[in-house]
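Next come the structures, one after another.
Common to both upcoming complexes is subunit A, partnered first by subunit B, then by subunit C.
For the complex of A and B:
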């Protein structure tokens, strides 16, 4: 039975195979592509800073930061000021936060039979988009990060505006999402069930509809994009190790779909907020995972949790921002003189995003983009299933399968780059 | 030096480069009559969606005053005299009479994203609650087969009346197989033609839908083209930019509600109210350009003092758009405000010609000759090249001048 999955920022085609009234195998296909990697070949490396954010209108900022990181990795002795580093991290945080709001209100709530609450999704997203625009000029599609730093010269005034936008967003969370000041320090999932707000209501509904254990996959997590908040590492059934290398990440083509498979040491891993929370050992998420595993409940909780965590962390980052530092430090040689290769990984809203570049005589020879959705949706075979495929096995109805599928916050736009 | 300045001043204030914002009382009187008549007619037709602006405003705790403030801003954006404000307000109330079908093709969803984050709360309501978005994959409640049926029904019910808004390019290579949708794997090309066929007009939103955009960047692996290359025999309004400014999308729809016609367009089918000026004409850093004060490298004193970005590759003088007035994210900021030059994202082929810090004087890009034409329609690349050269001279002169001052 073929089902089209829409409202995932693009479209995917899922082909469900049933055996004894239970889902036995799901074939996932993406039906469009833009071939951005081909477009980049032969162009000036700096052109990538304009083209790559446009890979995705939803997480384009992560693509910008990943691009600038990959280009900077081509240098041996490039310096970046703390200020520039912090500003890049802040804008990336804001993008993550606004994505999570939209996913929760536009995608998740309607799946549970609630009216789509467009304004609840757009109001906080607008606040966060404004925060990005303060640094980047506009959102979506900014190109304000350049090799060596950032172009914006922000002032104390901008810092005040930014603090205001964050405070307003925190207020929205406390008025709507979780009506409790203790949510960000809560360590026990049972207490969240007792709270008020859109998240606790949804969690209670999951419990009532007996979906608590649904959507379990391999319980294998990975995250590569380290910064002042996220840690790099992998987690296998709560055992966390931080020694991982991009060298073991492999991309392979599938004949039937435009999206490529991604694996780490020949194994499929889940990426996204739940992965990050497991590796960062966020107490509340760890508690939920201990009780309900890598289920839809844990995924939803981890994503919403990340909103609060990143808002609090961003507040601290802004306070520590030293405006007297330079925004830009000139690279030792011009990029048009380079013969080098570089790669970078950042944590985008939906998980690890990897960019790899090869520069020959100052021109891009090769460019590779591995998106978060590729990790989660890698379409495996029956013997070796992808993460989301495995999570849907054994379910008896397609409605629940769609729910499980969307709990990964699928973005086909990136995937069809 | 003074002569050069005067020549430049002349070039940039030439009548041909601007939309005429004062056409005399007679023109505006007759326009007002046309609009009043049209709105009266619209009022008699049934609403395409149930939501009304009054209920939305009330639910959100917004006052009539907020609404009128928005209306006067929208009136200015459409370059109409202020006595049109009540008509704009009335048109906003009647927006739910005009069905909009929004389709996404080979895109990044950036324009949908931009509109979801559009101006102050009032306009959000206008767009999301009262404009009848009959079919938008990201927003609508139905999905999959149900959505397909819904689309068919909307196209049938509002035959000849709906606006078809298109986001994304159309890949034509390999028979269009680089982009298919729906259970029947319909190609984007066929889908577009099918939906556009019975529409009142087609609105191409964003640079992908207008000119092919980033997917069409050299070597254009998927053969991506814009809507105007596929749809024939229909009124097409192009609203380029990456992403298109939500204010211009609402403005165009508002104009359609007001007049039942497409707004005045330039030679690239762009509404003149938004694309009748260059970024450069109204840039907040323009005074620094005129004074010969430029950012010479990233992070220098010039950058810290918001000097002109032309030497860092700003394409403001070559780009027609109203970002410098309308800005982005509810007027929060815009690229030049953040210290990055304009990349010319509302111009055809910006992705190959204009992208990144590449001053025009350094490129091999040769524009067709033609000199300064009289109207925006013929304006095209002629003046752009002329301005480029003029600015080139000016920029060099300013550097020499700056050095001399330093020597003394």
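For the complex of A and C:
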């Protein structure tokens, strides 16, 4: 049975095969592509800073940060101030946070039969967009991170405004999402079940509807985008190792779909907030995972948890910003003089995003983008299923399968870049 | 009052306009006056398959994204979906530069805007030209879109330019209201990235003096604009978007190739000559550092 899955920043077609009334195999198909990589070819490398945010309207900022990282990797001796690094990290955090609010209130809650609460999604995500715009001029689609740093200068007054935006967002979380000041330090999932708020209500509903164990996959996690908060590494169940290399990441074509498969050492891995939390060993998520595995509950919890963690971490980053440092340091040679290649990995809202660039005589010869949804939605064969495919196996109804599928926070436009 | 029924139809897009629209500060008011029969993110009474299957009653058709006859939604060609709604609706609004001119995705073969392929008129939907309004921008400014939709609802006369953009928002240049204006007026060409001072027009590709839009009149996210932050205007509301070498000002004999809208080269040179008579210490040094 074929079902068109909508409102995932586009659509995907899922072909469900049933055996003994249980889902036996799901074929995932994306129907279009926008050829961004072709559009980039032959252009000035800096133009990629303008083109690439337009890969995606909800996580375009991650594409900007990945682009600037890949371009800077083409240099051997480029200097970036800590201030610029911190500012980039802050704006990326804000994008992740706005995404998570939208996913929870616009996508997840309606799947559980609740009326979509538009304003609960847009109010906090607008605050985060304002925070990005303070540095980048606007959100979405700024190109403010350039080779050598960031274009903006900020002042103590800007920091005050920024702190207020963060405080207001934290207040929103405590008034709505989880009505407890202890959520960000809570270590036991049982305590969250007893709290009030939209997240605990949803978790209780998952329990009541006996969906606690739904959506389990390989229990294999990976994250490449290290920064002052996220760690790079992989986690097989709870066994974490930090020695991973982009060299083993492989992208391959699938005949039936416009999306490409992504694997690490020939194996499929889950990316996203749950992966990051497993690798970062966030106590609350580890506890939920110990009790319920890599299920929808753990995925939902990890994503919401990340909102609180990143807000707290961002507060610290702002305090530590040294405004006497330069925002921008002129690169030693102009990028139009380069023959080089570079790559970068960042943690976007949905997981690891990889950009690779090859510059020949100062223009882009090749550009390659691997998006988080490609990792999670790799469409494998029956013998070797992708992460989200495996998570849907054994379910008896398509409604639950759609819920499991969307628990990965699927982004169609990214996938069909 | 009856809610105005709106179909938000995505063609070849990044959903950037969808998310920019969600940044509109008074959405509660908007959603009490308008109803989406379909929207890419917000809940709607109809599924995409309902929309493509038959003509659901609708007042305004919004198109986001560039158009190609090969592109399909729910197995129906986008051109066919547009055709089936365009006839019946009161107005069509192209939301964003892709839907208006082709934009970034218009770089692909046979991909254009609804009525324009960059500056050139296309003929596929020519019969709907008079009922279309273009809101260009990559992405659109939420207030510009929302206010235009209200103007349609109120059946106000909307005065438009040759690209069908409401003059009230597109008669201005992006340069109007930029906090770096003085550096432009007195031709002080000392901009460095990462500073509050200087104008990006001379070296860093800023297109604001010849780009139509309200970016510095109605701020983005109510707080800032790209040029105020120090990022050159990329000309994203124009049919020529994206040009090449966006961070670099193209010059002929030291004079920027593209001059402010309506300014002749000779007069610009005369003006530039006169500004050499100024030495404005205030603008030569940091705004407020010691």
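In the analysis below, the second predicted complex is superposed on the first by the 417 of 417 C-alpha atoms of A that agree within 3 Å, B and C clash if a C-alpha of one lies under 4 Å from a C-alpha of the other, contacts with A are read in each partner's own complex, and residues count from 1 in each chain.
We take it that a contact is a pair of C-beta atoms (placed from the backbone, for glycine too) under 8 Å apart; a residue touches a chain by one contact, two chains touch by 3 or more.
Model, not experiment: these values are computed from the prediction.
Visitor: Quick check on the superposition: with subunit A as the shared anchor, is it clash or fit for subunit B versus subunit C?
Guide: They clash: once the shared chain is superposed, the two partners overlap in space.
Visitor: Taking the superposition as given, does A:340 touch the first partner, subunit B, the second, subunit C, both, or neither?
Guide: neither
Visitor: Which partner chains sit in contact with A:39 here, subunit B, subunit C, both or neither? Use first/second/both/neither.
Guide: It touches subunit B and subunit C both.
Visitor: After the superposition on A, what does A:236 contact: first (subunit B), second (subunit C), both or neither?
Guide: So A:236 meets neither subunit B nor subunit C here.
Visitor: Counting only touches as set out at the top, which of subunit B and subunit C does A:226 meet: first, second, both, neither?
Guide: A:226 sits against neither subunit B nor subunit C.
Visitor: So subunit A touches subunit B in one structure and subunit C in the other; where do those two contact lists coincide?
Guide: On subunit A, the overlap between the subunit B and subunit C contacts is residues 4, 6-7, 9-11, 31-32, 34-35, 38-39, 43-44, 46-47, 49-51, 54-58, 60, 102, 106, 110, 116, 118-119, 121-122, 125-126, 129-130, 132-144, 146, 148-149, 151-153, 326-328, 330, 413.
Visitor: In their shared complex, at which residues does subunit B touch subunit A?
Guide: On the subunit B side, the touching residues are 60, 104, 106-114, 116-117, 121, 124-125, 128-129, 137-141, 143-145, 147, 171, 178-183, 185, 188, 213-215, 217-222, 224, 242-243, 297-299, 303-304, 306, 328-330, 332-340, 343, 345, 351, 355-358.
Visitor: Can you name the residues of subunit C that touch subunit A in the complex?
Guide: 10, 12-20, 22-23, 25, 27-28, 31, 40-43, 47-49, 71-74, 104-105, 107-108, 138-139, 192-196, 215, 220-231, 234, 236, 242, 244-248
Visitor: Write out the stretch or stretches of subunit A touching subunit B in their complex.
Guide: Of all residues in subunit A, those touching subunit B are 2-7, 9-11, 31-36, 38-39, 42-44, 46-47, 49-51, 54-58, 60, 102, 106, 110, 116, 118-119, 121-123, 125-126, 129-130, 132-144, 146, 148-149, 151-153, 258, 326-330, 413.
Visitor: List the residues on subunit A that touch subunit C in their complex, please.
Guide: 4, 6-7, 9-11, 31-32, 34-35, 38-39, 43-44, 46-47, 49-51, 54-58, 60, 84, 102, 106, 110, 115-116, 118-119, 121-122, 125-126, 129-130, 132-144, 146, 148-153, 161, 326-328, 330, 413
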